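Got some structures for you, see below.
In what follows, chain A forms one complex with chain B and a second complex with chain C.
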Partner chain A sequence: MTIDGSGKTGPRVGEIAMAPVRFAMGLVDAPLRKLQKVAGLGGMATFFLLPNMLIFGIFVLLPFFINFAYSMTGGSALFLSDRSFVGVDQYARLFDCSNYLDPNSCAEDTFWTAVGNTGWFVVLQVTLMIAFSLVTALILNRDLKARSFWRAMFFFPVLLSPVVVGLIWKWILQRQGLLNFGLYGFGFDPYAWLNDRTWSFAAAVAVSIWAHMGFYTLILLAGLQAIPKDLYEAAEMDGTRSMRVFMRITLPLLMPNLLVVIVLVLIRAVQIFDEVYVLTGGGPGTSTLFLTQYIYETGFATQLRNPGLAAAASILMGVVLVVLTLVQLGLGRSSDKNGGRK
Partner chain B sequence: MGHIKLTNVAKSFGNVDVLHGIDLEIGDGEFVVFVGPSGCGKSTLLRIIAGLEKPTGGELAIDGAVVNNVPAADRGLAMVFQSYALYPHMSVRQNLAFGLENTRMPKPEIRERIAEAARMLEIEPYLDRRPGQLSGGQRQRVAIGRAIVRRPVAFLLDEPLSNLDAELRGSTRAELAALHARLSATMIYVTHDQIEAMTLADRIVVLRAGRIEQVGTPLELYNAPANRFVAGFIGSPHMNFLEGTVETNGPGKTVATLAGGHRLEVPLDNAGIANGAKVTVGVRPHHISIGGEQGLPATIRLVEALGSETVLHADVSGQKVLVVAPGQHDLAPGADVRLSLSAAPLHMFNEKGLRLGHAV
Partner chain C sequence: MIGAAPAFVPVPRLGAGGEGSSKVEEEKKMNKINTMLAAFAVGLLSSTAAFAGEVRIMWYSDGVEGEVLQDLLGRFMKDNPGINVILDNVSYSVVREQLPVQLEAGAGPDIARVTNLKALSPHWLDLRPLVADAAYWDENFGGQADWMRPDGSNQISGFMTQITLAGGFANKTLFEQAGVAIPSKEATWDDWAKAAKQVAESQQVPFAMALDRSGHRLTGPNVSYGANYIGADGKPAPLDDGAKAFIGKFVGWVADGTMSKDVWVSAAGSTYRAGADDFINGQLAYYYSGSWQVPNFSTKIGSNFDWVATASPCGTVNCTGMPGGAGLVAIKYTKNPQEVAKVMDYLAREDVVKEFSERTLFLPAHKGLVAKGLEFKTDDAQAKAALNTFVAATAGLSDVAQKLPGWFWSDAYYGALVTRVSQAAAGELTLEEAFSRIDADVAAKVKDSGL
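Our next item is the complex of A and B:
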């Protein structure tokens, strides 16, 4: 589809569509010219960036500072003006443990349970996510039949909202769910998977992988397809074994994409919340309680809400995320320097 | 070592037939060049020989052994790709070593071979650089070096010089010729470039639409093209073709009447063609001279003065004729001239495009 089109009506439709644009441009042209005379070219750049900077400031930067302020206050009052300044008490509370290896010895033991759960989740989910999406990308990169169909299949879950993802799998895994219905056909008794500590954790890992894998597969697939085919042909002429081709050619050339994927997966795994919250609600007990859910519940959902503590926890989580992001930027820069592919 | 024989080799991609029954024998140490229009199957044929593509019919033998089912790596061939296909993340040295390491060759020997190839190709200063840090010409040498270190029985080169600028292409061409003389290995070379084909080849294979049109030495193809296609393809600028009909058909000479009524005598041993048959007379631009009372009346349409020679685009009763005249001429478009073909070797082609008899 082209705007000016090559059909007979094309150019005329284009003309008509452009008319209001031209009219508007005519209106703003003169004032913008005047502005440029006053502000200069650099000033114009600032002027055009301003809307975006405002949005960023209002919705990202400002809340960040407000959050930081909250983390220095105590009590359950909602408005900052009603809250008392407590300094670093909230942070001290989070770190108040008699034995740092045992969450139960901490004053805020649920926080540490959530940290522990999140840690395990990150290790498991990131490893499996990378492995699955890499293998899937490698398979999809081959000349297999109905390749586009399979690509679409793997990408499809990415399009679903996290709540939908959580609900779908809840309906599958709950006691009266699809899975038990299927197993019942084979003579198994129904089992409440989501009421089992191990199974619900496994489900959280599996579902979050299923929901996001397609996105990372796509990034890796793009990386694989950017590797020139004749490199593989050169390797074939040289009689290179397929394992060596993978280790010495595919992997190094995929590395820039792989690093991006690893860091993105890592950052998102630390932030895990919505689909798991819908799926397990953090249970049974606190077995699938993750950091974001802890922050959310501490700040908003519990009877005795404590916005200050939640703010402090979220600042700590933010520090972790900033470190991970810096690592990503650093890695990206060093792989740029190495030339990557040319 | 390096004797390659193709018997009735065919290739189809799905239901598209790309090569139809190719028969070709390439002798040991021979430099064979494949030429032909884009899409005629040159690369496909080369890739079949390399083992990167499987033929769908026929037989391919190297040194007497049928290799249809032998993997590419075990055929003892090395390929130089048009894009060079150097591993971008490895140093030049690693690029050269990569293939040798696959064969579990002892390290000292690998080092020795790399040193030798690097010396031969003068790439020693760049051994620790990556391909991205090299110029096009240097990369090209590395690509050739990667083939040389493997000591193949034959080199396969697919348009290896096409990414170089004209000047570099000229010097690299000469180096390739020297390299071939020095290694005395079989080389099969695909190119679009007339000059590369003419200067490098022991024999040229002209392909069209998946068929061999003619195989021969460069001068055979230039002097005695088998058909109108080869006549038009070999030589630059390409041969002029003038449509006409056979008037008399005597022994030793055939007279054709051209579209404008002009009569042309073509010396032929045995034309074997009936009077009144439609024919095409071919004459190369370099063989036409300007002037002469008996010449073809022509109108100049365009003059391209190149200094050492002048290319004239002329119109001979509606047919376009190209003339390359030595030196400089002060002719202007619109001028009426006469074109003399008396000294020119003339070729005559029948309606099917086949060349008749033997021009002197």
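Our next item is the complex of A and C:
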């Protein structure tokens, strides 16, 4: 027997290594054959999907239905069996508003403040995140010196835990933080950035972009590198201006990646919580209080918690996320029909 | 596809001989398996036995009390080798936010150090039938027993590890450097604000005053201005003129920069924030917190500057601070109630409470010990003077202030106060809006509770 065609004889290394695997497969082969006879080929597909379906069911679907059941109950008790059925009262309480644009006119004013803040955050963060990620990806796609170093630099914040991100920026932005220390050195008066409603909101957006931009840049960079070079060469030979090249070649061919990035950024923005919670605690006042923090505080962190109200708010947030995902799927399909690159 | 899968050849067992030798092999194998199973069972039983004597304590620390307790527990375990006490040191927010959820689920530690004593009292274990001498507990800890048991019961839930009293601290060095006299103990909140502002302007510190972001802390001054949260039926009453009077002043001081914005404005909801670090760093002329800060200041300020404890400034009605403290309670979901009672009996012993209080500089709740007096283990004259100031201030507590720690709705009221007053301080709500929101929030809590 040979192992490398050199003419030497001896045991096949591969065969020995595979022996335990073959043994294990031999053990399951017979019962699976019997099962296939009973269930048929279609049934076997279901059988193999079952573990995943079970995990999905237990960890995604079941909590969703339990959460929905909680949203129909009242009181501060934890177990469903100890809670009273209140129908849609919790939803009615959330929507009890004379003017949705004025949170002070709503029974649950902090919920609508959080909705408004989250809406503004999504608009600003998604727009700026896409813009910065795209520009960074375009720059990193060029022949730069130390290109790998720059790519690593932009990706590095993604590796940090959100709590660490929040703490780092808190140390920079707080009244006695690094930024004021630097400004003081240049003769400026220190400023309490995190006590200012506008600046703290801007800080929440900026820190979130800084922390996650590297990941989206990477997705866009992969898309840019997949665009055939000959298209650019042809455009160059035709003397096409660079803006036109970007609008007619780069952007259309990058659209599938861009759509993925938009949806991921949107979902992440709606769910914003951890780094901002550490950075500002939702303040000053409620100017950086977002939906997830409202849900957390209502369900867990206040005296005499209201899990039902928190569950109702999270169901509404889930509906928004489903709508956003469906919009993305619709956009993706229409992009495919219009000849978008897969 | 299964149909296309390669047929796997079963591999013959190594060392398989004839029929007879195969039977012997089989018996040997069975013996081996039985031995392994027996060993596993013994291991399992012995580990279960270890769990049977285990007592977990959830503990948070403001200063050195965690280390002191660990030391005391070490001695207990030496004398009681069958009981393994595990001290889980956690942050205060874990006790406030995660412990209640664990308790609702019928889980949690065996013993916990908590401040939310009354509202969670249905989860505490009744130690009366388990402790060695219930009369000792009644005699020495009976004064605060109602704070931690369901209304109308005579349950022994635990004991206070410390009695605290809210009160103020002045940076004496800053006052002296500014040439401003420290206000007397009859001084009002307005007097203190005026004096502290003069000091801050003269010494160029960022803020004149700070008051912890806590409903408990805000309540002392409110009561000094005549507030009473407790309605005639024992349920929460709407915010009265006394509370509105002080809150109005307080929000005004935050707006004009007299009070620290960092503490009250920089968070949403009922999140707790202390101003202690600013005081320790010499950034505040006057800080309103409580007696539990004394060991913290003694350790961290050292000789950097001189400081003094003041009693609570006066309002229009009295000069009360809020009493309170942390209690060590047994949890009723424990699997080892006998061991828990032994640990609690040990920690409640007079000599143990004495050592704990003297080393941590905490005011004890033990009646007999208070009567005999303590020798706090510190050379810091400022700390000793501060503790004496707080002990003396207990004489001036108002009736309302003394009732609130044992009132079921205190924490619900405090939460609404913090949330809405901080919104008013941030300029999001007018004072009138904040007042009506506080009433609405508290009413909603009462309705949600179903009580």
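A few comments on the model shown:
The rule is short, and it goes like this: the second predicted complex is superposed on the first by the 318 of 342 C-alpha atoms of A that agree within 3 Å, B and C clash if a C-alpha of one lies under 4 Å from a C-alpha of the other, contacts with A are read in each partner's own complex, and residues count from 1 in each chain.
Here is the rule we use: a residue touches a chain if its C-beta (ideal position, glycine included) is under 8 Å from a C-beta of that chain, and two chains touch if they have at least 3 such contacts.
Because the structure is a prediction, the values reported are computed rather than measured.
With chain A as the common reference for superposition, the partners chain B and chain C occupy compatible, non-clashing space. After overlaying the two complexes on the shared chain, residue contacts for A:L231 are found with chain B alone; chain C is out of touch.
Number of chain A residues touched is higher for C, counting chain B against chain C. By the touch criterion defined above, A:L253 lies against chain B but remains apart from chain C after alignment on the C-alpha atoms of chain A. In the superposition on chain A, A:T286 makes contact with chain C only, while chain B stays out of contact range. Of the two partner chains placed by superposition, only chain B is touched by A:G239; chain C is not.
Of the two partner chains, neither chain B nor chain C is touched by A:G185. For the three-chain arrangement built by superposition, the Cα-centre angle with chain A at its corner and chain B and chain C at its ends equals 150°, in steps of 10.
Here chain B and chain C sit at a least CA-CA distance of 34 Å once the structures share a frame through chain A.
For the contact definition in use here, the chain B contact set and the chain C contact set of chain A share no residue. Residues of chain A touching chain B in their complex: 228, 230-231, 233-241, 244, 248-249, 252-253, 338-342. Considering their complex, residues 50-52, 71-74, 77-79, 81, 83, 85, 87-90, 98-99, 102-103, 130-133, 146, 150 of chain B touch chain A.
Interface of chain C with chain A (complex): residues 1-3, 5, 7-11, 96-98, 100-101, 104-105, 116, 119, 206, 261-262, 265-271, 273, 281, 283, 411-412, 414-415, 419, 422-423, 425-429, 433, 437, 440, 445, 448-450.
Within the complex, the chain A residues that touch chain C are 19, 22-23, 25-26, 29, 32-33, 36, 41, 44, 74-79, 84, 104, 107, 109-110, 174-176, 192, 194-195, 197, 280-289, 293, 297, 300-306, 309.
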